[in-house]
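These are the structures, in structure tokens.
Here chain A shows up in two complexes: once beside chain B, once beside chain C.
Moving on to the complex of A and B:
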């Protein structure tokens, strides 16, 4: 199978500073957790090759800075996303309350044409903490996710690799579905314009 | 050359070779394929061999008459309807690589309309033999159904798509295969012993008009009319070995560094058209043996571990090779290296730099403790000029033991004209001042409990301190460290100091507060100075010019990005054009780099070196932008040749982290600055000379405010707006 044929899924991770976006991405991609991740500045970008139902895909995960002021950089990063992962920290109520504004901000910045059907996945991270430190209950999170449009919800521990695979599996599937629906409706414009010309020329035959 | 007289019909060229059913695989979808003829054409009567054109003509471009001529030629070649093709001795084993004598001149003369050298509306292209540098040949094998060739022009900016020979559809190849199976002698040129395919005929025919050399380093690469230098560089000296290829793989490091860079970038050059095939090669593990060997080297493997697409992969590979090649060249050419490098990179303009300027463009040794101490008299007063010290720091940096004291000067905590006694007194009063800020936040319990902004800042600072340079010994986690982010038990006392400094800065610069990235700026200062109040004041002064990086609306960053953008247009226009095509001219992969002055991209030690160089404001208070420009300049060829999309470029730039060569980049940055200054002067002079009459014309060349600001040594100060109660957090 050629690289050209390979589908590229662009996934963007958003959420408050310190909720574990980088850790989740690293756990998913490299199967590792480190205490030593640095605060993300700007954006980082990592690819992972996956097979979904016999289909080869490359998932590009875009990890973003959590501090609000860096979000005005977002436009260029958000463009062309196939799925958006919203992350909060189950020990941090505020990060949970901010989910909706992250979602809204994304929809505006990424200029999503059909917001109702754009795939989001919500992740509550850090469930490895002791029960008494947990401030957002599963039930509450599920209720809110349902109200935001039945968003798929996962509780994970990037530290102990709990549920990370499962969450990203859904991310990948939903992204693939989104990508395929886009491919169907959108004319995929190639970076090299000559293609368009050449195709037109070639198809007229002689 | 032609011995046979006969005139060329007007507008026509003579066919020397034609192969039908040669395809361009535009996408992976068959329906997008373009079909056409690969030809060798003599454009004019008496054209020398170097002017012969290798042309690809899509069928759709052809008139009926020309198409018939090409089909005839595809089937019968120069010999007409004889069994021999093109008069080349296909029956004999005495066919040599040196080409054929004049006895094999064309017997059948066929003409077609002179082909286009390039076309916007179709895939037609033509390259003269003189402009051919090399040909990548991928023969048909049992796993590769279609063999292909990629022509690499000498002008590396030109790219042409890979050509696939669909032998099963091509009447000429089918006929040849039939002839071959009837004859016992193997085709001399098909020496790989592989399946006979259309590309074999192309190569053997081309060989009649130029010298082709296969390289043992890259067995699929054929060099066209290689110069002595090309041969020496590309074809290693393996006289004693029976199997050159095997020998080549054993000393791959040596070979790679010997290999001419141009050839290697040529290898890595891929177009959108050829991308698919390259991917194929990589996936099929069909990389040439020396390259595979090299990829197994741990450091290269590290770079290559997580590639996502063939382009990014190849760009990295090219980078690794370039790195190696340059390292060795540096050793060989020594002092002349930079001169040569820059004159080739920047063109002839470089020659107009004065020898004095040039001589400064080498790095010096860092200042040692002894050298530093000798700059001061017995009372601890500087006995040379500040400019001299800055010159020295700019070009060499500081050894570690000098840093603590020198940084306090560079950051303006101590003024240069003080004696050591005065500095001691100053340090004491600075400590008292610091304590005020430190006590301010500590004692304000009301705010600690009720101010949302404050609480927000606290959480943020605590989070970030826990993830700043923890790999350094002094910041290593201790067992007492709590997992909880807003817990005050850091365990490690140094973290607590960082925390206090940032809280105190939050007091002093209430409008700005703490913003992510500041902990990165603080850490090297504390690491070096190791004194709480002195570090605080050094940080405060460092933040003066850096404040614009952190203002809420990001306008300071945007202005710097814009300045860099203009600078790239001004200095490396061809790269800029390419970046524009790839939607990357926003250059915002430099965002993080400019925000915290390359702290995340460089090692801790290199970060300290870069910063002390930048703090001198020796040429410009914004020299960091020239450092960014140097990175682009150094990688511009790779970017132009291999990266075609926004995310590829972003990834490539992100991946430069940990692979930036500080000294080399500093030299480039300096020379780029000098060249920039020179160009600005040139433009100014021209504008002054043309006078007011030509104002309209000359206004096109006017230097923008942003660019002119780059010449200033005065720091750009841009403060945060006063914070109101309803200013949102963050």
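Moving on to the complex of A and C:
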């Protein structure tokens, strides 16, 4: 293995079933879109290399299943994320209303220590649809995002590749900031002093 | 031997060799299917309750009815040659070739982004964080690892956080073509490890290997350090704490485990330098005479991590796996090596002194001990002259590290470098200037002294021929009491090279795996004393190209004997008599072969 590591960013995508999480990710990583709907089972993992302000990063994107029956895996998936992307479908009011519960669920399950500063990015997907099918207005979405703590908000079309790059650029930046926030103070010196006079150690060997 | 053919399972050559070019693979395959019955693993396993005076029948474990006759014929020969004291006369056998080849081609660690190559590997090791962030993989690029870290984490979590609310720990499963790849998981949250193997290894063996890798992380970081960084933040990238040398060491540990090139890990013990007890005693008294207050452990080590002796406090012993980790660090990385001006290859730096913090996980995973490490070359012209040693060997082109002993002094105090250095210097000085000790060390490590000025094979290793043990090409004898073993030469004074050592150990690993799994079936109710005295004999026959190798493992409560014979000659009587000779010889010489206690203060 090479030794100079790129920073790894764990990014998790949450949202109701069918809002286009997998399509967004496919568009972002492969520049492709498929009309066919295929439910994600558990989670999919795709890596994407980016350069952000001269810094090489690898995004490890966790595309989770929106379906209820996979929710028990939440704890496992959410743990250790650097950014959480909340996706809804602009033609589906319910998926928009559920954003807050996805966010709350994430904060609880992921055991986030500083919830006010954890980076979320909200994406309203499927803006390629005809105007009359759109049920959640930009204005309404922006208001809600502001009330949830000024979350960055993007409207995208995974199908027509609108705004996807831009949204994920902000995801990556905010994730990187989060990853680097608590720069670890390396402290070897406070390793436990070993008292060799005790006899607490087992014996074995020669 | 043809009568002993119990086809329990087939090992196709594809599972022991690595990838070939596609063209030749097809050819190999067709020729293989012709000789399918030949390319097979033939084995049986017997449990022998120790007969009072050599005449009881065998108890058979896991043998089918139609194999009983074979077992009976083995029984006859066992009784005749292992458990009785009658000496049968030896027939003389022609000297067989000493090439040991199972067709096994181990692969080294890589960071290739070729996915096909990644999936064709027979062995993998992965380390990741509980959040699914990659830490290390033996094969594959970062990109491949990033994906697989997520998948592994999900599989592990699926059992840990069951949809129905239950919590389970996933240990292992078989998958892949013909269900012959074993996946093994070790969840040491916040660290998760996984290994895959298509080399016939058992759960126990893979568990031990992952445990070794995990302990290596503890060795360089210590348990509290790892726990603390993940407590602060689940998303921590542990690779930030691993330096170049650490990754190189992980690579080389994985290489060794994949090529079976670390006998101590397979056998479960430490190898010792064979030497006279009185000499070892004198070396121990030199060490004792020089010890000072802050010294915890002292070790003198011959090339390839063979122990010469240990210095230790009465209350503390050294744990085998701690020393295996230490030796992996010292001998497997370039941390302690230097490149001489006139040479391209690296060698252990004989004129430097090292001071290294190391956590010994079995001793105490919570903190560091400090090790002073120094290498001393015995092939020093002035000293050889002083002690009248044959100078001819200086002209021979030998591995420069094959004549260097290692002095390791361990202290719990990080500011005791100068104190340790002083001890090391005076121990080294005493060993160099004492004529008897220097000559004995030289003979055991570098070479014995011939009459006409030449240098013979070193005396610190055993050759099956000198026992004598006809038909035996190689053996390993482990004393369970000492958790130490000796690793013989190949018959006729040939030292196995790295590749051959791997082939030998693959065979021994198979024997060990079969022993570990079969022994469970061998437990009999209310017969604890039988279990204690029972003999377990396990035989594996391995055909490759025109060669047939037979590996044999005998275990009792006191020892394990692994041996290998080749050339297709398999006279049971002679072979079993050889076993008996080796066992007798090792028992008789055990004070030369093993360190009991060491220098205790």
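By our rule, the second predicted complex is superposed on the first by the 176 of 206 C-alpha atoms of A that agree within 3 Å, B and C clash if a C-alpha of one lies under 4 Å from a C-alpha of the other, contacts with A are read in each partner's own complex, and residues count from 1 in each chain.
Assume a contact is a pair of C-beta atoms (placed from the backbone, for glycine too) under 8 Å apart; a residue touches a chain by one contact, two chains touch by 3 or more.
All values reported here derive from a predicted model rather than from experimental measurement.
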Partner chain in contact with A:58 - chain B first, chain C second, else both or neither: both
Partner chain(s) touched by A:111 [first = chain B, second = chain C, both, neither]: second
Touched partner set for A:45, first chain B, second chain C, both or neither: both
On chain A, positions contacted by chain B and by chain C: 1-3, 5, 10, 42, 45-47, 49, 58, 60, 69, 72-73, 76, 191-192, 194-195, 199, 201-202, 204-206
For the chain C and chain A complex, residues of the former touching the latter: 109, 111, 129-134, 136-137, 142-143, 145-147, 149-151, 153-154, 156-158, 160-163, 165, 222, 224-225, 229, 232-237, 239-241, 243-244, 247, 251, 270, 296, 307, 310, 313, 315-320, 323, 357, 359, 362-364, 366-369, 412, 482-484, 595-598
Parts of chain B lying in touch with chain A, wherever the complex brings them together: 26-28, 32, 34, 58-60, 62, 120-123, 272, 275-277, 279-280, 282-283, 306-310, 459-460, 463-464, 467-468, 470-471, 477, 483-485, 515-517, 519-520, 552-554, 581-582, 586, 588-589, 591-592, 595-596, 600, 644-647, 650-651, 654, 728-730
Chain A residues touching chain C - in the complex, by the definition given at the top: 1-3, 5-8, 10, 42-43, 45-47, 49, 58, 60, 62, 69, 72-77, 79-82, 110-111, 113, 178-179, 182, 184, 186, 188, 191-196, 199, 201-206
Interface residues, chain A side, partner chain B - complex: 1-5, 10, 17-18, 29, 35-39, 41-42, 44-47, 49, 58, 60, 65-70, 72-73, 76, 129, 133, 190-192, 194-195, 197-199, 201-202, 204-206
